[in-house]
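Once you scroll down, you'll see the structures, which are given as structure tokens.
Each of the next two complexes has chain A plus one more chain, namely chain B in the first and chain C in the second.
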Partner chain A sequence: MITVEGLRFTYPKARSEAVRGIDFKVSPGEVFGFLGPSGAGKSTTQKILLGSLRGYAGSAMVAGVEAARADAGYRALVGAAFEFPCFYQKLTGIENLSLFASFYPGPKDDARALLERLGLADAADRRVAEYSKGMKVRLNLARAVQHRPRILFLDEPTSGLDPANARIVRDIVRERAADGVAVFLTTHDMAAADAVCDRVAFIVDGMIAACDAPSALKRRYGRRAVVVDRAPAAGVEAAAVGDGTGAGQREFGFDGLADNAEFLAELRKPGLLGIRTLDSSLDSIFLALTGKELA
Partner chain B sequence: MRGNAMRLVAADVRMVARDPLLMLMPFVPFLAAGALRFFLPLLSAFVDKATGFRIMEYADLARVVITLFPGMFYGMVAGFLLLDDRDDGVSAYWGATPVGRSGYLAARLGLFSVAAFAAGLAVGPVLGLGRIGAAGTLGTAALGAAQVPFIALFLAAFAANKVEGLSILKALSGLDMAPIAIYLSLPIRAVGWPFPQYWAAELALGRNAPPVVALVLGVMTSVLWTVILAARYRRRVD
Partner chain C sequence: MNLAVLVRSDVRLLWRHGFAIAYLVVAILYAAIISALPREWADAVLPVLAWSDPAFFCFFFAGASVCLDLAQGTFGALFATPLRPAVYIAVKAANLSVLAFAMAAAVSASSRGADFRPWPLAASCLAGGIPSAILGASLALRLKSINRFLIGSMPAFLFLALPVVQYAAGRWLPPWFGMIAAMTPADGALRLARAAYQAVPVPELAVGLAAAAVWSAALSILVLGPAVAAARAD
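Let's look at the complex of A and B:
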């Protein structure tokens, strides 16, 4: 659905390229996370894909159309939620949704049902000027998906949301992907990306440092080991239980684990709390690959 | 296409109706015309008595100026809406929709230009002073309507916020006095040449240039300003 090859872009009067030869693909039904710090080239790439920035080198094909030649038909296939929700403040939430939806062809979601799902039913007839940031973020998603686009561009879709609403947003994104929508999700939030993305790309200084499924990245950059957590026996200090990996913990390598007698013995001891793998977090992988924090 | 424009127009009308200041603006030219109709003859008599200068001899010029007024005020409304949209990011968002930024801009400027043209035709009879003929009235109202993109884009391109917008408007409001330049001799008169308001007066009153030439130059200056300011506005929105 999205195919980017050798994409480069330099802003007028800028000394260096904002995007420096990136390649990636996003398939129908895939949620593709584009992760990176501010100024890494995320927004520039998104603007190019949306057809707002021209004059780039390389190719950025969306739904078979080169983004530089984006027209009304192209934009009708696309739903976008920018990082900073932008609405007509003097219109109500439902008036905003109805206005924007009216420019798209084909069937649309029921705006009130969508608002109800996003917890905005009571605010539907209030002016957007009265909305909190979190409400605007949710309204932003509703506007992006209501016309049933084939490609979704979401920039920080869970920013400023409480966990319950963030989960609703993630569920909606996953449902759209299940319906075959290609989702291009830009975010700083590694946890959100981990929870919702099929693949992620780390972009730093206009280049992609790594691109893969979050689980594959975590395995690749994590330690091939499991840790057994056990509660200390009554009257025994926690530190005395472990073997140097921490209180109440023992670490075992993956190799030969099924036949590891010590591991099996550890499982049989009383007070077993849990077993976990030592996957890396996306944050730590990003730091390891780029030397930069995602702030 | 026409349906898209009408939906955008309806949204603009709704937003104007919900803002007391913007709601008042379209009526200001008519209020000004009504006030001048009453006070200008009184003022003329007073000044004539005191100085011998007869203001009412310039009633035709007053009619030109008042016909240009709606363009200024409707341009202000469009400009403040654009300013809000620019600051809220809505202008940029239209670029990601089938309407596109150009469609959005054309619908907004088109709406207020058409409204300003209609108001320009209607405001003259409210003034009731001076005569500029049907062709002159049509031409002046048209060039007055062409102020809408000029004022709106100027505001949205250069004002950092609404307060700054008001300051800019104070400066721009002087442009409706550009018609006075037709009574000046060269080379001072040339100060008015870059502005459509000047050519509107030449068109209506035919003092220094044939009406057709004035109309052509008025349209050319209007288009030129619109193109320049639209480019500046786009850079600002980007």
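Let's look at the complex of A and C:
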């Protein structure tokens, strides 16, 4: 659905490239996370894919059309929710949705049902000027999906949302993907990306540092081991319980774990608190690969 | 695309942003001025007031409306839709022109009762309103804020106003000034406004309408198009 090859872009009057030869693909039904810090090239790439920036080198094909030749037909296939949700402040939520829906051909979702799903039913007839940031973020998603696009561009779709509403947003994104929609999700929230994305790409300084499924990245860059956490026995110093990695902890490698007598013995001892794998988080992998923190 | 929803939403925004009230206040002010003038003076001034409704107010209100859109950040979302920006601006221009006609008709009726011709007046509002609104909206897209627009658009507005200078002081001005004034976007609107109150040769009116159409097309392609492209890339 989206195929990017050797994409490069330099803003007029800029000395360096904003995007420096990136390649990736997004298939129908896939949620693709585009992760990176501010200024990494995320928004530039999204603008190119939306047909707003031209004059790039390489290729950016969306639904078989080169993005530089984006026209009304191209944009009818696309839904976009930008990072900063911008609406007509003097129109109500439902009036905003109705106006934007009128630009698209074909069947649409019922706007009021969509608002109800997003917890905005009571606010549908209130002017957007009265909405909180979280309400605007949810209305932003409703606007992006209401015309049933085949490709969805979402920029920080859960920013400013409480956990319950963030979950509703993630559920809607997953449902659209299950219907075959290709989702291009731009964020610097690694936890949100981990929860919803099939694959993620780390972009830094205009280049992709890694691109794979979150689970594969975590396996590749994590340690293949489990840690047993146990409360120290009465009268025993905590540090003496484990292997020196910390109080009450003991690490065992994955290889032969089911037959590892020490591991099994550790499980039988009293005071077992828990067992955990040593997967890396996406944050730590990003830091390891790029030497940069996400802000 | 459902054009009716766009027209209705734009009317709603014009109302809620207070543009319609502004038109009403100006109409009352104009009516008061006209009624205070002797009939001969009122007849001379009325075409200029009728011209100013579309040419002046469509220019500034279209620019102000675009500045409001820019301040709210809605253009980013609009540019991602199949809507053609030229259609969006054209609907604004048409709605403002209709408001301008209502205002010009009300001012004319307050001065002359039913003694004016509404069709030339309506044609004047379209011929003046459309190119003026396109120019105002384009400048607002370039200048990006209401303050910069109010200051930066003055040269463009003076250019639009040349036909009025020629109308008021043509007998004291050199011939070349009249030729330049006749080639400006709102010249046709003034000829049509005059035709609402006095006899004007039909060919002159046809030229006025044709010139307004050519100016509207030229401004859309040469001024609005590049302004939209620049705003899209921001």
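Basically, the second predicted complex is superposed on the first by the 286 of 295 C-alpha atoms of A that agree within 3 Å, B and C clash if a C-alpha of one lies under 4 Å from a C-alpha of the other, contacts with A are read in each partner's own complex, and residues count from 1 in each chain.
Here is the rule we go by: a contact is a pair of C-beta atoms (placed from the backbone, for glycine too) under 8 Å apart; a residue touches a chain by one contact, two chains touch by 3 or more.
All figures in this text were calculated on a predicted structure; none of them were measured in a lab.
K.L.:
Taking chain A as the common reference for superposition, should the pair chain B and chain C be classed as clashing or as fitting?
P.N.:
Chain B and chain C clash in the superposed model.
K.L.:
Just chain B (first), just chain C (second), both, or neither: which does A:104 touch?
P.N.:
Once the two structures are laid over each other on A, A:104 reaches both partners.
K.L.:
A:257 in the overlay: touching chain B, chain C, both, or neither? Say first, second, both or neither.
P.N.:
In the superposed model, A:257 contacts neither chain B nor chain C.
K.L.:
So, A:57: does it touch chain B (first), chain C (second), both, or neither?
P.N.:
Neither partner.
K.L.:
According to the stated criteria, A:82 is in contact with first (chain B), second (chain C), both, or neither; which is it?
P.N.:
Both partners, chain B and chain C.
K.L.:
Which parts of chain A are touched by chain B and by chain C alike?
P.N.:
Shared contact residues on chain A: 50, 52, 72-73, 75-76, 78, 80, 82, 84, 86-91, 95, 99-100, 102-104, 153.
K.L.:
Any idea which chain B residues touch chain A in the complex?
P.N.:
Within the complex, chain B contacts chain A at residues 4, 7, 11, 14-15, 18-19, 84-85, 88-90, 92-93, 95-100, 238.
K.L.:
State the interface residues of chain A toward chain C in the complex, per the touch definition above.
P.N.:
Per the touch definition, chain A meets chain C at residues 47, 50, 52-54, 72-73, 75-76, 78, 80, 82, 84, 86-91, 95, 98-105, 143, 153.
K.L.:
Where on chain A is chain B touching in the complex?
P.N.:
Interface residues on chain A, with respect to chain B: 50-52, 72-73, 75-76, 78, 80, 82, 84, 86-91, 95, 99-100, 102-104, 127, 153.
K.L.:
Give every residue of chain C touching chain A within the complex, in rising order.
P.N.:
Touching chain A: residues 1-2, 5-6, 9, 12-13, 16-17, 72-74, 76-77, 79-84, 232-233 of chain C.
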